[in-house]
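A, B and C label the chains in the order they appear, each numbered from 1.
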Amino acid sequence: MDNIYISVIEALIFSSDDPIPAQEIIRAIKGIDGEDIEINIADVDSVFDELNKKYEDNGSSFRLLRIAGGITFGTKAEYAKYLGYLSSEKSKRRLSQAALETLAIIAYKQPVTKPDLETIRGVNSDYILNTLLEKNLIMISGRAETIGRPLFYSTTDEFLKYFGLNKLSDLPKPREIDEIMKDEDFLEQKRKIMMNLIEDVVAKETGESEENNDSTIE
Amino acid sequence: MDNIYISVIEALIFSSDDPIPAQEIIRAIKGIDGEDIEINIADVDSVFDELNKKYEDNGSSFRLLRIAGGITFGTKAEYAKYLGYLSSEKSKRRLSQAALETLAIIAYKQPVTKPDLETIRGVNSDYILNTLLEKNLIMISGRAETIGRPLFYSTTDEFLKYFGLNKLSDLPKPREIDEIMKDEDFLEQKRKIMMNLIEDVVAKETGESEENNDSTIE
Amino acid sequence: MYTIKLDQFEGPLDLLLFFIKRDELNIYDIPISKITKEFLEYVEYIKMLDLEVAGDFILMASTLMHIKVRMLLPKEVDEKGEEIDPRAELIQALLEYKKYKEVSEELTFFESNQRKVSFRGNYDHDEKISPPEYDILLKNVTLFDLAKAFRNAIEGVKPVPVHEIQKINITIDEQIEFIMSKVNEFKEIHFLSLVHGMQEKIRIVITFIALLELAKAAMIGIKVSEDFNDFVLYKLENNG
């Protein structure tokens, strides 16, 4: 095997979304450089050892691992606490999908009670509500006058800060989101209507209204 | 800064799935080893250079890049064809001319409203805004105080990452209108389009997969 | 008519720029009649193809017609008495659009280069230890902390089957006195130890209300406990 493939193999392992089997590495190299390229599983195996020796010698914080029949990179155990610190920090900042959904319902329907919220979401929301309260994104803002006088939930200033809003009325209106999201069919319809209108204007301006023929628009 | 942190910094960057800002690296190290640890942004900067020199010297296939205000590992361009052979991610479509145009306007005029954007482009932009929002290249960033209080759009970190930019000011400067006027033949643009074309032909010849449909340039 | 691929044009401004470039026209002196005529031909063609973008092209056609009509009328003047060129706005729009179109062409280069870079694909095998104590961020007592501690206290009470209605003689004033005596005695007392041994929920409720009253009247202080399901009542020095 040509030595130039050491780096190619390293790049393939680095960028693969899953541990990459040696076979796949060979397939990519032959796929690009031709079937007659000399490279086999034993070559990949020795590149594995060679690269790991290089990482060891130059004090790299990562090394190659064999996982589930493939090869992948992993960082060494001695850095585990630093990486753990960051990932726990990150998870604190990232809202899970369920939390986001709940937060969205509260943001748009506030003040809202837990029963109303759960009717909308269709699932028990105790845990999520607690999490959001703990993160200070929502607050208890009073009580409904309905039976059982359930608590009202509303969003906090922290919520506005989190989403970079000045005030609640800056939230995108559901109607506006619909407008951006509406499918092409609808746009097409709208355009046709518009075309019709503008055509009339153009016809009038140019004084050609008698020749005007709307056959293109049904 | 203690030299032991070179490897810690390498591990933190290697293990972060988004470009990691120097501040965050410092936060993780101080979070674990104490606030009195001596490490600052300049230290991280010099580790950046030091590590990149190491990767260069030992023929590594990846190196550190500054993207979207953070640091991340990325492969060198020369391995792109091998990686593209296996990864569908790399063979995905380029952005259309309409998308690029819209992004350019948003990038320079941000925050910008849909009406303002459409005035410049001269076309309805609902569909393209939706596409860019879905791709997370732009985001809703607030509301204008003008009549109808239309939503503001801005670019995201993903936008910076997509174009390999560290910060918005790294964007190419638009030419002044006077300058555009002088260059009636648009020579520069022609040259650029040609270069891009050649690049694509080369990429295709070296075997980018057939799903790769560069429909933007005929 | 030249055969041009219509989907090459991002909109009417793009098409107009094409005409100007192809015919080497002076952008500041666009022959409106000529360009309008040609533009309308394309609009017909676009309509025939029923392209999505037709509406925007027709809108531009109507703008061109407006300009054409205004060119025939006596010249308008602005406040300074200078003649207004009916084409001025269109020219400005064309140049503005061109500015961004140029940049978008440059962005294509950044895109090309960046497409050659791959990022790390798999992060599943990095060794990580997440220290749980970093999850604790709370600093101040909030209504929620208070309510949660209260609920925990309520849940700590074992449900006893009661078959006869019992009258419990307890008042807020009594509990205020009770709390003040405890606080004066111990300087600090945890809520859970304050209500420890209380058998009836109502007694805990009344005690809780009493301590809220005291806190409101600044007779006692409340602060966070290390156990986040509890909190601490403490004696305020100026009331001693």
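Note that contacts are C-beta pairs under 8 Å (C-beta built on N, C-alpha and C of every residue); 3 or more make two chains touch, one makes a residue touch a chain.
All figures in this text were calculated on a predicted structure; none of them were measured in a lab.
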Determine, using the mean of C-alpha atoms as each chain's centre, which chain is farthest from chain C.
B
In terms of CA centres, which chain lies closest to the overall middle?
A
Between chain B and chain C, centroid-to-centroid distance (C-alpha), Å:
22
Just curious, how far off is chain C from chain A if you go by their C-alpha centres, in Å?
16
Show the residues in chain A shared as contacts by 2 or more other chains, in ascending order.
11, 14-17, 62, 73, 75-76, 79, 81, 83, 85, 89, 184, 187, 191
Could you tell me which residues belong to chain C and also touch two or more other chains?
53, 55, 118-121, 126, 128, 134
Name, in rising order, each residue of chain B that touches chain C in their complex.
11, 14-15, 17, 31, 62, 65, 72-77, 79-80, 83, 87, 89-90, 94-95, 97-98, 100-101, 103-105, 108, 119-124, 161-165, 171-172, 174-175, 177, 180-181, 184, 186, 189, 192-193, 195-196, 199-200, 216, 218
Can you name the residues of chain C that touch chain B in the complex?
5, 8, 10-14, 21, 24, 27, 53, 55-56, 60, 93, 95-121, 123, 126, 128, 134
So in the complex, which bits of chain A are touching chain B?
6-8, 10-12, 14-17, 20, 24, 27-29, 31-32, 54, 58-62, 73, 75-76, 79, 81-83, 85-86, 89, 164-166, 170, 172, 176, 179-182, 184, 187, 191
Given the complex, residues on chain A that touch chain C span 11, 14-19, 62, 65, 67, 72-77, 79-81, 83-85, 87-89, 92, 133-134, 136, 139-140, 184, 187-188, 190-192, 194-195, 198-199, 201-202, 205-206, 216
Complex contact set, residues of chain C against chain A
47-48, 50, 52-55, 58-59, 61-62, 65-66, 69, 118-122, 124-131, 134-135, 137-138, 142-144, 147
